[in-house]
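Below, each structure is written out as structure tokens.
Both complexes shown next keep subunit A, but they swap its partner, so subunit B is in the first and subunit C is in the second.
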Partner chain A sequence: MSENNLHNEQKLLNLLEKKFILKGGSVRRERRVEVKVEPKEIVPVLLYAKENSGYTAFTHMSCVDWIEDGEFEVVYILWHPEEKINFFVKTRVSRDNGTLPNIDFIWRQANTYEREIREMFGIQFEGLVGREEFILEDWEHMPPMRRDFDTAKFVEKTYFYRPGREDAKDVREYVQERTDEELPDFAKKYSRD
Partner chain B sequence: MYNDKESQKIVDIIQNYARKHSLFILAYGTGCGAIEIPPTMTSRYDAERFGIRGAATPRQADVLLITGYLATKSLKRVIKVYEQMQDPKYVIGFGSCTINGGMYWDSYNTINVLDKYIPVDVNINGCMPRPEAVIAGFVKLQKQIQEGKADGWDKYKKNLDYYKENQKKIITNWVMPDFNW
Partner chain C sequence: MREKSTTLYIGPQHPGITGNMMVKLQVEGDTIVKAETHVGYLHRGFEKLMERRNWLQSFTIVCRICVPEPDPNEENYSRAVEEIEGREVPERAKYIRVMTLELARIATYLLWYGGQSGSAGLLTMGQWSVGDRNYILDLFEDLTGGRVYHMYIWPGGVRRDLPEGFKEKALRTMDYLEKRLDDYDKLLFENSIFQKRAKGVGIIDKNKAIEWGVVGPPLRGCGIQSDVRKDDPYEVYDKLDFEVPAMEGGDVWTRALVRRFEIRQSINLVRQVLDKMPGGEYYNKIPNPHKWTIPAGDAFVKTESARGEFGYYMVSDGGNKPRRVHVKGPAYVHGITLLENLLVGENVADVSFIMNSLGTCPPEIER
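The block that comes next holds the complex of A and B.
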């Protein structure tokens, strides 16, 4: 792939680098641009991408739990309908009491994603409207998508177990046995045994 | 005349014969197994030749099919529906999820063993069971009905405390009426 093909991608990155303070940015490949920003820069960057650069479609918003760094990474994914480019905006917040700006005044559908992230990870969004309870009903434990939520232990405690499934083990242990690969420390810490 | 034991036996045989040939399934799909019901019902496998067909409301239905995994959220609805159904009623656990949790055995929001919450008459194994397996399960249920052994509804009434205790262990915010027959 020649450099010229990435012209549109590079143009967006150059514009953003001039306008905002980015923590990092790169053209990952054709049709994929990625920038990393501070939480307070989220709204300006997204607004700029929507109003000035033509990234009008809000495709998705997801969350990654980086328990080793004590941070959540929230990823906003935008789409340019004409140039057909995916634009990833990544930001990181603290795992405990992390707060992000609410963006549902830019795209209304972001409200749904934000409510899901609030319920599944426990990140708060400033001024987010909508019931605290979204999908889970009467949930009174730790947000279940956090990596330190031990599902196997929870299931053992809550549900019944029919004998005959004793072979069910953590997949990572099988991988270790087969490939002699060392488990990383965080995986050992949150391993099921 | 009907108090006579011998004639009651004959009445039972006729009753059971009628029951087993008119099994109305409640149109309530949980999990992914519900997608196997349309081919079972329609012309390819044609379950209606066994007297199996759909019913619109719980009060008209005889059979409750739990098709696949059951989230704790829908367990609440299933219990509500099951208690509204008229006696005699039968439950078929469909797929491995209702037997031991299947591939969702370590999920935080799906139950593993359905038999602990509502009495199950027939379990159909498989992930997913093919329509042939579904029909085989129904035929087994019909056999049980003819022999008078499909008495899950009776078990539920007699062991209500046991079932309620298990149900309330999961459904912490119990806002439904407590049935007692």
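The block that comes next holds the complex of A and C.
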């Protein structure tokens, strides 16, 4: 892809660089522009993109747990219906008591995304109004999409085996018992954990 | 005199609801004054499961996210992995992928015919179209071994080449379906019951549609030409000849007309793809799946599914498992914020009619 064809992508990046303090920004490829900002810049950048630059469609919002950095990365993905460009706005908040501004006054469907992220990761959104429970009902444990939430351990602790199925275990263990043979566990052998 | 207000719960188990979710309605008489979508009956934690499985094991999970149309999930997953890794896909595989996606689109629309007409009380249509859908599933069985879940489009290409005689069989099926569509028109679109039920019901405001996050046939039914296959072309869609239909109106009727047009277009696309398909390799082999690591990075890829824009946001930390896979289905917006707003002022009897026209699919809301 030549430089010339990425003109629209670069234009947005130059405008934002002049107007806001960015922590980073790049044209990833054709139709993909990315900027990184502080949480307090989220609302101004998104509003500017919607009102002044034509990024009127809110496509997606996602959250990634970077447990080793002690941070969550929240990604807002916008779409320009005329220039056909996806615009990524990324920000990072602390894993402990991380708070982000609420953006459902800009796009009302963001309300659903924010409610899910609040429930699944534990990030609070200032002024977010909406039903407390989205998917989980009466959940009292750690938000389950956090990396340190161990699904297998939770299941072992919370649920019991159906009567008559108490001995349910890995089929490989049965084979090992019967044949008295050590079977290789490939998944464990090559796992990075 | 103000009528007494009543709370009605439709779902989570209800023949009119497209899956397991609940719509809580506040009604006065039989007019809806408030609607709330409640989900949580179907949460299987796919995204969490994928974080604990390697790249190939995760691929077998993604098709389970949507029963009527699993292929966009597979294609999105594979393309996201390929984009982060920089893996080349053989040209033939791209053509086979497009064919699979278009066959899946036809199958989904045939199922939609059943749902849309069934929710209006026209039950014959569903018997016909779901019966004809089986011919597409037959093709899938020949091609992939599976009728509903295919696990066919995987990173690097597709799992198998076309079997012998597949092209002829597929073309015969397309000819048959094209003829059947005329019968469908007589049964559904020329039916005055359907016309009266569909016209002027569930109107989406054209000026707000993009801002509200409407995608796919509902957006094109508002008169806005928007299709990921044209706007952000993937695979070989830029080499194929097709149009994006758009019709003014924004109601259930125009959404149905858009789908009626698109199913014919998909038949045409399948023919084009089978005609233009080059020879050669169909798979760029991946390394040992246990040792297969993907460089750190992220990607957002999109597909035009039968219900609208389907997206995957994928992050890799350089390991042998995904760091995060976030699925964005059209129902995430259509089934919650849009549905809650559209239902206000409508009749209780139109709830499932409108839901079907939006293509609401609860498994996409709670992955």
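Assume the second predicted complex is superposed on the first by the 159 of 193 C-alpha atoms of A that agree within 3 Å, B and C clash if a C-alpha of one lies under 4 Å from a C-alpha of the other, contacts with A are read in each partner's own complex, and residues count from 1 in each chain.
Methods note: a residue touches a chain if its C-beta (ideal position, glycine included) is under 8 Å from a C-beta of that chain, and two chains touch if they have at least 3 such contacts.
Treat the numbers as computed from the prediction; the structure is a model and nothing was measured.
Once chain A of one complex is fitted onto chain A of the other, the partner contacts of A:S62 are limited to subunit C, with no touch recorded for subunit B.
Note on subunit A: of its two partners subunit C and subunit B, the one contacting more of its residues is C. Of the two partner chains, subunit B is the only one that A:E140 touches; subunit C does not reach it. When the two structures are aligned on the shared chain, A:F154 is found in touch with subunit B, with no touch to subunit C. Contacts of A:K84 after superposition on the shared chain: subunit C is touched, whereas subunit B is not.
Looking at the shared chain after the overlay, A:W107 reaches subunit C, while subunit B stays out of its contact range. Under the contact criterion defined above, the residues of subunit A that touch both subunit B in one complex and subunit C in the other are 136-137, 144, 149, 151. Here subunit C touches subunit A in the complex through residues 36, 39-40, 43, 45, 47-49, 51-52, 54, 210-213, 224, 226, 231-232, 288, 290-291, 298, 300, 309, 311, 313, 315, 319-321, 323-324, 326, 328, 332-333, 336-338, 366, going by the rule given at the top.
Those residues of subunit A whose C-beta lies close enough to touch subunit C in the complex are 31-32, 56-60, 62-65, 75, 77, 81, 84, 86, 88, 107-109, 111-113, 131, 133-137, 144-145, 147, 149, 151, 186-187, 189-192. Contact residues of subunit B toward subunit A in the complex are 72-73, 76, 99-101, 105-109, 111-113, 116, 166, 169-173. On subunit A, the positions that touch subunit B within their shared complex are 136-138, 140, 144, 149, 151-152, 154-155, 158-162, 164-165, 168.
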